[in-house]
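Per-chain numbering from 1; labels A, B and C assigned in written order.
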Amino acid sequence: MLSATDNGILTRTGAGTPMGDYFRRFWLPVALSRELPERDGPPVRLRVLGEDLIAFRDTEGRVGVLDPRCPHRGANLFFGRNEECGLRCAYHGWKFDVEGRCVDLPTMPPESGFRARVRAGAYPAREWGDFVWAYLGPAAQEPPLPELEFAVLPAERRFVSKKLQQCNWAQACEGALDTAHFSFLHMPVWSADDAVAAAVGRSSVDRERTRWMRDDPRPEFEVARHDVGFVAGAARKADGDDRYWRIAQFMLPNHALTPNALPGENIHGQTWVPIGDEAAWVYCYTWNPDRPLTEEERRSYRKGRTVHAEVDERWVPLRNRDNDYLIDREDQRKRTFTGIQGVSEQDAMIQDSQGFIADRTREHLGPTDAAIIEFRRQVLHGARDLAAGVEPAAARAAAAYRVRGGSLVAHRTLSFADVMTRRFGHPLGRVVG
Amino acid sequence: MLSATDNGILTRTGAGTPMGDYFRRFWLPVALSRELPERDGPPVRLRVLGEDLIAFRDTEGRVGVLDPRCPHRGANLFFGRNEECGLRCAYHGWKFDVEGRCVDLPTMPPESGFRARVRAGAYPAREWGDFVWAYLGPAAQEPPLPELEFAVLPAERRFVSKKLQQCNWAQACEGALDTAHFSFLHMPVWSADDAVAAAVGRSSVDRERTRWMRDDPRPEFEVARHDVGFVAGAARKADGDDRYWRIAQFMLPNHALTPNALPGENIHGQTWVPIGDEAAWVYCYTWNPDRPLTEEERRSYRKGRTVHAEVDERWVPLRNRDNDYLIDREDQRKRTFTGIQGVSEQDAMIQDSQGFIADRTREHLGPTDAAIIEFRRQVLHGARDLAAGVEPAAARAAAAYRVRGGSLVAHRTLSFADVMTRRFGHPLGRVVG
Amino acid sequence: MLSATDNGILTRTGAGTPMGDYFRRFWLPVALSRELPERDGPPVRLRVLGEDLIAFRDTEGRVGVLDPRCPHRGANLFFGRNEECGLRCAYHGWKFDVEGRCVDLPTMPPESGFRARVRAGAYPAREWGDFVWAYLGPAAQEPPLPELEFAVLPAERRFVSKKLQQCNWAQACEGALDTAHFSFLHMPVWSADDAVAAAVGRSSVDRERTRWMRDDPRPEFEVARHDVGFVAGAARKADGDDRYWRIAQFMLPNHALTPNALPGENIHGQTWVPIGDEAAWVYCYTWNPDRPLTEEERRSYRKGRTVHAEVDERWVPLRNRDNDYLIDREDQRKRTFTGIQGVSEQDAMIQDSQGFIADRTREHLGPTDAAIIEFRRQVLHGARDLAAGVEPAAARAAAAYRVRGGSLVAHRTLSFADVMTRRFGHPLGRVVG
């Protein structure tokens, strides 16, 4: 439970808000690189933390992220012409490069020297891990890019996508850290026979995991803090004396890795970037540290498996808030707990259902909400510190973002630290070597 | 004419408003029973007096009306699973029965005793007359159900339906009590020949009524108060020394009966339940005290005759505010006074046209507005009394809701009381015997 | 650049605002005459300066502009019946003529004398130049109709139309006075070959104009004030020692004439009438002082050439804000500077793109913005004067509205006054003789 004040701080990210200032100390994904496929191609509209922006790729392949207002009379540069290393306003031909410099100003006498003094608003932009990232904060505080493992690896070992989330960023991020919900939200119904269970979990390993999650809805949580966030393990009873550990990572301010990968399996992560306070883009990534992803894997992600949603051409999930996620009540009665297809869509449904901005003043939290509580503590702490003048150390700890999440079946006597070391080679999940 | 203050009191029914508190002292229809056709079927969303609610029918057939927010973390129980006498939240499996009691709480240790202390918000719900009714007020003041005649009778003698009204409840209710408007709104045009008149009014009785209403646009009103509202008679000149009386009933806070039934004909009524302040559900009922309704009658009501509208699958009238009620100007010129099909739709058009909330500060009322004036007086009085601590007596006078409205042709020397007694056997229209 | 206060004054025209009061001292077009094609036909809804109104044509062909609220109980007269020189409310039959007088009042006793005392709200209305004009100001200040030349001429010499503008009136009007933008917004791209140029400009005269405008993006502006606004000339280098003059007219408060007509060519003008503050109707007119327009000319205007847009049946441009004006990026790359079809649509795009209400506090104006600066000065001055009690003289100077705009190629030594006199026979563009 949060106070109304804290709930407001957690969820509001417009310019000048504490959390808005905090987000503006980190690089944020603002587009897929493939949304700007060609040099001198059409600009695209962005909306990030309540700010309207445009992005374009210039003649040399560089991406610019600009305030869309032409400084002359405010015409929108989205309708401008992308030509010869700059975007030219369609009204009177003022032209700006990827950094916002005015490179042509045909309506003013050259001798006025005005061209050198006028600039379009622009934010630093980089391509990294097949995303376009922008930094919306003060120039003096520009940090390095976070070394998330999916971005560091060769492109053939990752798959990235994007999907619309129709609610506030924070409750969606909480949903990813709340691994207790797997015992219900993503389950086949109790009465479903083996055939159904087999259909949902296709391998014997999947069937076992499903059984362990269904049979223990009250996992025990352990949380360990690190330089850029925390790692949260949740242990359920498995067979015999074993426990089934599911370990999620959170990296400040808005990245989370899923807890499902057993050793050798692909790892998944998501980054929530507020559009405004009632919607967010979720940037999704899957990677394998050791091998290229197969074409079959890519195909399944494109169709919407794991964190990737099945989306339309504007990245809106086909099953979304506006169509009740195409809930099938007959399926809910007989086969799956929600009647909604897709793990990503089940998550979106339940997160959106908390309201456009969840009211955290009326909650009743318990021990299984440990990761959520830690998430709120860290981001509220970071926003409050910054408001008091303390810059976030995490933003500069680029290498510390190279962590992994995943699963392990281990004897019940093993501590969380032992489990982490056995699974990842490091007690906090850092990538070693 | 009302002051702006009184207009606000009359029309605002949100929690904490005077009229909102007043409505919350009465049972209100909130759904048709047939919207919840099966046990353990899908929940339905409701919005009543500005509050979002859900209703579901449990394994034993009982209906629950709940606050949709799961007390754990606010996920919406609409997406929950309706199973074994309770609705289970899809997020972490908390489960609640029709009265909001928590009957399963899998994420908390049983020994914590927490389950007994947590409840979902719930309102008392009953089925009565093929409607689901809810009581949204303080438990200590819960009244009996109103004994409206349609609800008391065997089901085969009634037909019920529901339709969306796209304006504030009060002006729609006023429209039902204002029987003077029949001389225009529902008329064939003056110049229309007998063929048109015949088409509009199918029998010779209908033709006579139509002629009397057309020829006397200034009926004389008489109003008599009773324990749960008032009865309003409007007398028009008929043939010879006769007068054509049309008698409507109003029952607090939001029920009205139509004035059209001649002895032996079916009786119609409507109940307006605010969704918010700019829309309402109208619950409609037709009954015959003495015999089952015929299949042909039911078919005609389903197609939208009398108070029943022609609606889509979500109970939205096919001819509505958004499509200008499919007004046909050629028809308006040559055949009917509005060019709009359907008595219910003609009423909705003119009521909606007063604005989403009618501005009563600029009216010019006259003698034919007597019933409207009495309606406002009674409900404003009731709301003001309650604000001063006086509970509404009408809410407890359940038996006094058993009244009828209708028509009579009577000699001009007969008083209103005589007419009432001759038509209904009781001077206020109470059902006797 | 304007202060936020001045930007607010310039753009807000609701009742009681300074600019709203100023507009209410002038006759304004509120409909095309052809929107009310027949006597006793259907009324039409209007929205003017934030006020909801209706217009209807009565049995004798007169047009009335009324407040839609029936004074009885506020039902909307739009749904009324237009019959025998009056509009009859569909609720209880109260009937009003084109001046708002109550001509029938069936629900009140005739002896009450009430009919003579009740009126529907009504504004003076006139037909003039194939538009319906209304005067929304105080009766004592009602001015004569402005003698715009297109309206004074015989109907066969003019063509009028109407189109929706999806932004504030003022920035759209500025766009018409800003003739510098022709060097970009309406141009073929620099690299386009002669074939493209030929397609855009069909005649050799057109090709020359296009070349002169393309080659000189920094025309020199001259502004001369007159009794009802100002005339603005912009001179570009032409061939040899010639200059290509383009001369636009502005007439208070909201009329502008385009600068393109060479001697003998048709003249075009536009009048912006605010719907609210975020949209306007643009009333468009083309005329030839000396001859009837040809059927081919009318056909081309109907299809959307010059100031006339290609619109749907509700006067909404087919290429509009909601569909990004059907921008074709390939066309923008290879052929035209915007990739958008139609001069009117190119203008609408760039004007709308400044925002629903342009923020003039962040501009960087230069010498080519001289006409815009004068426009703001005059209308702000007029609104401020009126607020101080000085009635606008322009509203009474009806004859001074008879001016023309157009083009001339002239030797560079000729002054603006000389150019005006040579082109129009008058130094301010007044129609002489």
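Note that a contact is a pair of C-beta atoms (placed from the backbone, for glycine too) under 8 Å apart; a residue touches a chain by one contact, two chains touch by 3 or more.
Predicted, not measured: the structure shown is a model, and the values here were computed from it.
Peer 1: How short can a path of touching chains from chain A to chain C be, counted in steps?
Peer 2: Tracing touching chains, the least step count from chain A to chain C comes to 1.
Peer 1: Any idea if chain A and chain B meet via the same residues, over half in common, or different ones?
Peer 2: The interface is built from different residue numbers on each side, given that under half of them are used by both copies.
Peer 1: Can you give the whole-Å distance between the Cα centres of chain A and chain B?
Peer 2: Using C-alpha averages as centres, the distance is 49 Å.
Peer 1: What residues in chain B touch two or more of the other chains?
Peer 2: Counting only residues that touch two or more other chains, chain B contributes none.
Peer 1: Along chain A, where are the residues that touch chain C in the complex?
Peer 2: 40-42, 69, 71-76, 78-79, 81, 88-93, 106-109, 112, 114, 118
Peer 1: Over in the complex, which chain B residues touch chain C? Could you list them?
Peer 2: So the residues of chain B touching chain C come out as 180-181, 183-185, 189, 217-218, 327, 329, 332-333, 337-338, 340, 346, 349-350, 353-355, 358-360, 362-369.
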